[in-house]
Amino acid sequence: MSEHVYKTVELTGSSAASPEDAVRRAVERAAKTVRNMRWFEVVGTRGHIEDQKIAHWQVTIKVGFTLEGA
Amino acid sequence: MSEHVYKTVELTGSSAASPEDAVRRAVERAAKTVRNMRWFEVVGTRGHIEDQKIAHWQVTIKVGFTLEGA
Amino acid sequence: MSEHVYKTVELTGSSAASPEDAVRRAVERAAKTVRNMRWFEVVGTRGHIEDQKIAHWQVTIKVGFTLEGA
Amino acid sequence: MSEHVYKTVELTGSSAASPEDAVRRAVERAAKTVRNMRWFEVVGTRGHIEDQKIAHWQVTIKVGFTLEGA
Amino acid sequence: MSEHVYKTVELTGSSAASPEDAVRRAVERAAKTVRNMRWFEVVGTRGHIEDQKIAHWQVTIKVGFTLEGA
Amino acid sequence: MSEHVYKTVELTGSSAASPEDAVRRAVERAAKTVRNMRWFEVVGTRGHIEDQKIAHWQVTIKVGFTLEGA
Amino acid sequence: MSEHVYKTVELTGSSAASPEDAVRRAVERAAKTVRNMRWFEVVGTRGHIEDQKIAHWQVTIKVGFTLEGA
Amino acid sequence: MSEHVYKTVELTGSSAASPEDAVRRAVERAAKTVRNMRWFEVVGTRGHIEDQKIAHWQVTIKVGFTLEGA
Amino acid sequence: MSEHVYKTVELTGSSAASPEDAVRRAVERAAKTVRNMRWFEVVGTRGHIEDQKIAHWQVTIKVGFTLEGA
Amino acid sequence: MSEHVYKTVELTGSSAASPEDAVRRAVERAAKTVRNMRWFEVVGTRGHIEDQKIAHWQVTIKVGFTLEGA
Amino acid sequence: MSEHVYKTVELTGSSAASPEDAVRRAVERAAKTVRNMRWFEVVGTRGHIEDQKIAHWQVTIKVGFTLEGA
Amino acid sequence: MSEHVYKTVELTGSSAASPEDAVRRAVERAAKTVRNMRWFEVVGTRGHIEDQKIAHWQVTIKVGFTLEGA
């Protein structure tokens, strides 16, 4: 069980609500095509400003998942 | 339109409420003197502890804005 | 007063609720054994994914506190 | 529109002509299999030397593209 | 020949035996789905501790491979 | 003469032509409001992709200039 | 179970035999005073050279352990 | 009082005497145009060599100051 | 003798006089509770500004010491 | 053939024309004293500004070459 | 004795056997031309893949040695 | 004059007196074998502790010098 191989992909989620919500959206989207997700790591937090206000947050994460048949 | 020049300034907002609120306060304050803000990037999250509890969050951001007449 | 010596320890708090809550839990736990905490700095934000959803956030902070008798 | 999810892939293009051409080749090759590319970021510039001269440039970029159906 | 385009993927291999073995397992697993692998770079070495002993090593590598038809 | 004080500002120039041209545009724009510029350092090279091609380069530089009356 | 608080300490193990052995020695020594160790991360590999040969390896690790009563 | 907004500027002071003196000169020069300075951080120490000796030190600092009316 | 295990702690000393003095104060304070100190490494130099002048320097060091009984 | 030993030296080339030309000049100059150069890596791009225009580019590279008789 | 001056050179050793062996080869080769080597630090671990297997490891080290007559 | 090629070497000076003195010693020693030194950059400050006090400072610098005949 300790000898799995994991792959990491880098995703950026965006949300008008909060950085946490941006991460959740990225994980939800990944769930459609990637199985066995195990962890994430936040590698950058940015955002767009429109009309002098924060319009949305953009959070970049690395998501690790188990490769089957390792 | 793609050939603008942008300037970046570094600001630290603080808030007793949350790191997001600290970013919002920094962007609001910047809006008083800077026009055409376009994006921000979080470059550090710190905080002060008083009486053994989090007293306020301090979030440092870089804010980019379009320079007019480029 | 300006000539204190501070020590920094590195802690990781975890929370199913939010990254802020993970930081708060780390500070609360530290308060049981460390006195005179003064500041913290977030040095990493990670999380575990279970059943394709974020199960909990893990935030690593450095906490600085004044050493007495410096 | 602001709530897309993006994926980033890392590519290295090479060119005997120039580093810009190396980036262009990487983007062109990516266009064969990836849709909706939006931005790139240069993360490293290297090159091979043969017969004591620069034989080709190797530029590594991260390319971000919109994931459909986010 | 010098004008290939390469792609890099990030993998984490694990092994109870040694960090080298963890790398070998990651490369072996990648060989099942990726062709034309050319190089790897170690980007992190971690491990799990169980019963106060090293239970297994986890080594994260970037693996570069030639994209065909560049 | 060796005891000047310099200030650094961070600018991002963009250009459809090349990264060098993006730097030149940033320096030209800065020349309108900053005197005594002395050096620059490239701190990031990015770009936008439209219709699967590089639409423009965005190069971020730090520009140092002498403060008068130091 | 997911809401533990962890502490990290930084140790350097040394060994004439190999870097792996240096890590093992650091973990063994830590086991004398720290309970509930969970993971380690290698943060630096150095060594001493004597008589023009590698005399011993010095590997610095961060070791994370669960704080009880969190 | 905890909810100020701070701005950071980057300055390089130079001095034939010492790196400390270079920092002092940068802070003194900044005092002519910036109010409410609160802290600085050294981000680089360089120097020029003339006639095979250190001619002057150049120390780059970030200076943080409170923005009024935040 | 080459197979010791070392522990590193992170301390910040402060001094109105100079950064060197700040380091000395941190080492002196550490000497009260830590035995067998062997080396230090400067990891950050900051300071506070009061009345537009440097009020004190704050230097953060990592201090390494031999763990007995390794 | 795979068991060579390489040495790396750090050079800065400068050119009024372009950053590529600055790299070429550094490689050409190195060719006068170093044999068997194999690769280079760009580690920094800077430039001097005179009369408010880019006067020349300065590009720092690491150059790797095979040590004979390894 | 404490007031020596040291020089650091950067070498890359390669070995089909293991990363440790790659370091040993680099140190052995350096011993032919450099005297008084004192320490090394691993700054990068890479490798080549041939026929979908690790063909050899390439480890880059910095080697420090005492300059005589300092 | 602007199209010189520079080489950088890495040196560590040590001094019981101060970090500045350690840098001066490194530059003085380099002057015995290197001509046309132009600048230095501090890349690390460490020190040895003996009998619980700072025994000497060790400062690592990169020294740049003009290569003749470029």
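Going in written order, the chains are labelled A, B, C, D, E, F, G, H, I, J, K and L, and every chain counts its residues from 1.
To be clear about the criterion, a residue touches a chain if its C-beta (ideal position, glycine included) is under 8 Å from a C-beta of that chain, and two chains touch if they have at least 3 such contacts.
Computed from a prediction, not measured in an experiment: that's the story for all the values here.
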Reaching chain F from chain E through chains that touch each other, fewest steps: 2
Selected from D-E, F-J or G-I, interface repeating D-F by over half of its contact pairs: F-J
Distance from chain J to chain A - Cα centre to Cα centre, in angstrom: 38
Whole-Å gap separating chain J and chain L, where each centre is the average of the chain's CA atoms: 21
Two or more partner chains touched - positions in chain J: 9, 48
Arrangement of touching chains [line / ring / star / complete / other]: other
Every chain pair in contact, whichever chains are involved: A-B, A-C, A-D, A-E, B-C, B-F, B-H, C-G, C-I, D-E, D-F, D-J, E-G, E-K, F-H, F-J, G-I, G-K, H-I, H-L, I-L, J-K, J-L, K-L
Partner chain I, residues of chain C touching it in the complex: 2-9, 62, 64, 67, 69-70
Of chain D, residues touching chain F in the complex: 20, 23-24, 27-28, 31, 35, 37-42, 63
Contacting residues of chain G [partner chain K, same complex]: 18-19, 44-49, 52-54
In the complex, chain I residues that touch chain C: 9-16, 25-26, 29-30, 32, 48, 55-56, 60
